[in-house]
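As written, the chains take the letters A, B, C and D, and residue 1 is the first residue of each chain.
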């Protein structure tokens, strides 16, 4: 780590020592990867999507490989927010990294209660998941219209005592509208993109590969779409943007920063390379050293058009 | 070619000897590829997108490579519909393959005039492009709302004396709504997907790679998204669906047929392998022979869920 | 964490099955029969994910272990092109292996297809006095590792679907016959889901405990992403449990086959 | 149509530049200097597109041709791993090469960086009596094919940006000096856009015609997809023209550099 390089970013009140965050759903609650690298390295960890009560999730198979991408249909399997608070936060607090609680609900009331509960828990920010394509109720149905987003975000805002990140779905006609709705309703930042609804078929068996028929696409395949959306959204809103979708290394992360992201999240790449998060931080540092950039914030939105 | 295998399909009045069509924009007007293989092999050719007057298109670079995909920002460069009729139809008519005229316009009136002109020309069908992401006016702005699609399609319908294919954009929240609007307004079939709006950045130069900043994503990367949309749309409408997006071989084509497509188009794969169209036909035949399928129509929508 | 090792031997066992011997002190020391490694095959054609492959046998003295795999799709196809001397990127050993109880004197392993591989090291490691192996293959051309299994077991019965080698028929039928002759203390299953489901039903009739090695598509391979689940019992209720972390080996009674 | 040929020689010219000799009766027979081939590099990492590479020299007797390329990104990186004996998938020859007029007695070729490669066969094929080559490289370590260019020309001037080999400075400055000494009947440019723009401006002052080889990102490589365009004059108007089909070589006067 080069000492003259400043990697700190501030995401609407959430201070990160570096802009690389583990994306929700790829990283569990951090325990497993703690055996692969020092979690202290990470800017933050967005934990597995939480709901008020435990959820079993969708029937397997829950993953399919597609060209340069994967489809997943986990469907928010999680132990519920209370077990998270009791068992997982103490573990995560052992590390010097931001804890971001990713929260979902079936109804506006559930979202409110999640934000209320998490505001009193020892987390650094709350990421409101309005974009999971793998559950039938709530979530995506709120997230795919400006009205729905405004409704949920303004309802939870009064309970939020932590920076509120609103996670957006790419499965919409105009993501800037949705982002603006989140901003107007009081979001401190937005994160994008969640997965893109897709499908894989096994021609031999003539059946869908996923137990849930459809799933969410992530990984390098979606990078150009994610990059475009981050670019559009960061021009449309004033709050910070957290970019993700297919980031695998430092160069990818730099592209998102240039497009306007203030931080990045990485999910799928970690399945391929468990060191992807750490190597991305190193790659950002190397790029900054090579290009004489002292503060990572200088890169944000630095695209020359 | 196996004689007992019947590859014929009927797409809302358009008869094809086999379900493999060259996708618009990838194949010019067929001249170039006629040196690589016998155009008689193809079910049909969707020619480069036409407009009432010649168009210069967007500034280069117009292509960027992304993981398992490409972005293009050609922007409908074409010699205009009249030169097409005069110079290209006579050439194409030398082959026993369906000619599909891909038509765009900036206004409803231009769409009407295109359909009127092409209805009197020697083409087999008209594909209304309501989905080009690379031009500022018309096109995508009509295609991204049910109202816009209904408006254009019902306006042109009265001039249409040929089967009318409406080409849909994937850049929407709910593609089934758009497809239903096309159906209600009188479309004989729908084709999908056009490209997905994306972007590529060169971290070294900190500039977008494309001259037009954003472009349309196609190729294997988009296949899971395309497959999902074809599946959704074919369940939502009664008119036939032409599927495309990332098809590179017979297996891919079979997946689209199983998902509900009555025919497929192939674009990007031809850049990688100029024999992709022909090899896809052969791949479909091989699959049918192996699985004792006599008529390709038996596969359409045959997904077991 | 370093995950790159050298392939010291790459051997083709039949048309589509390959054996790699891989140098790794770490894996060979820690590995228990039934555990898996998660293998990066390559970047061709946009292949991203690692492939889970069982540890087939371990040479703890020489610090090597063997994997055996069959070409099934893109990833294993790429993998089949590796040569001796090549580097291979492997996470592991991962998951829970078979539980071997010293008090068990008679054991039977029942494997089908690519499910036979983890059973070899199990036979080698198990202290039982009487070890039977019942292995099912499609046909004669698919029969592999016969010598190794013969050596590691006291009785080896090979079956083929078409009777072109060994006995004709299903391994579960043979298992029944064997149990009719003589009971066992534990039965280990690894193979197609339907075989394991039938097998678990059979041993239950004889009141014999069993273990099964489950198969599921995987992402992370270490328990973090929750994609590789199978249905397990949890009191009166049930749960989806990660095959990569809590499995691949489960007690036969813990799995809900439906 | 078959597009797969064998690489008979694969040579590394410097840290990042490689020369392949490829067996192909068809290409070597049909190729004209300045034409390109469209090369499939491989499937790694989701790389899809072919890469356009100039035909550097042709051995019509032995039915082979050479390409020389530099590692720039993913595709050329993959390509650099090919070995003699490997198959390579190539479409070509494609596009319009240089126009060689027998009446021209004195010609000058001006090349920079990866733009020098197509100029070699041009020098070999041109019937002129006096052929000069002005080639620019970044520094000494980048200088390649010196012997070959020396052999094919009557005078070879090498420049480097830092003066570490040959003359220091830009090829366009040298061109000016040479034209001040003695005029030419035709000048051929291939290299960075800015060099060609400057060059075209210079020869215009001397009223000498010129040809330029344009570079653009490509899709199909054969004129069908319209992605590889450059701006060309068309009467009082202008047009976007396919570099792959109508080029890569254009009359210097036909291009609008802006």
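The definition used in the following text is that contacts are C-beta pairs under 8 Å (C-beta built on N, C-alpha and C of every residue); 3 or more make two chains touch, one makes a residue touch a chain.
Given the structure is predicted, the values throughout are model-derived calculations rather than measurements.
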item: Greatest separation from subunit D - chain, by CA centre; value: C
item: Gap in Å, rounded to a whole number, between the CA centres of subunit D and subunit B; value: 36
item: Intercentroid distance (Cα basis), subunit D paired with subunit C, Å; value: 56
item: Distance between the centres, which are taken as Cα means, of subunit D and subunit A, whole angstrom; value: 46
item: In subunit B, residues with contacts to at least two other chains; value: 64, 66-69, 219-221
item: Residues of subunit D touching at least two other chains; value: 45-46
item: Arrangement of touching chains [line / ring / star / complete / other]; value: complete
item: Contacting residues of subunit B [partner subunit A, same complex]; value: 64, 66-69, 71, 144-145, 171-174, 196-201, 203, 205-208, 213-214, 217, 219-225, 227-228, 231, 246, 251, 254-255, 258-259, 287, 302-305
item: Residue ranges of subunit D in contact with subunit C within the complex; value: 42-46
item: Residue numbers on subunit B that touch subunit D, as the complex places them; value: 25-28, 31-33, 35-37, 48, 56-57, 60-70, 72, 74, 77, 219-221, 268, 270-275
item: Interface residues, subunit D side, partner subunit A - complex; value: 45-46
item: Of all residues in subunit A, those that touch subunit D in their complex; value: 67-68, 220-221
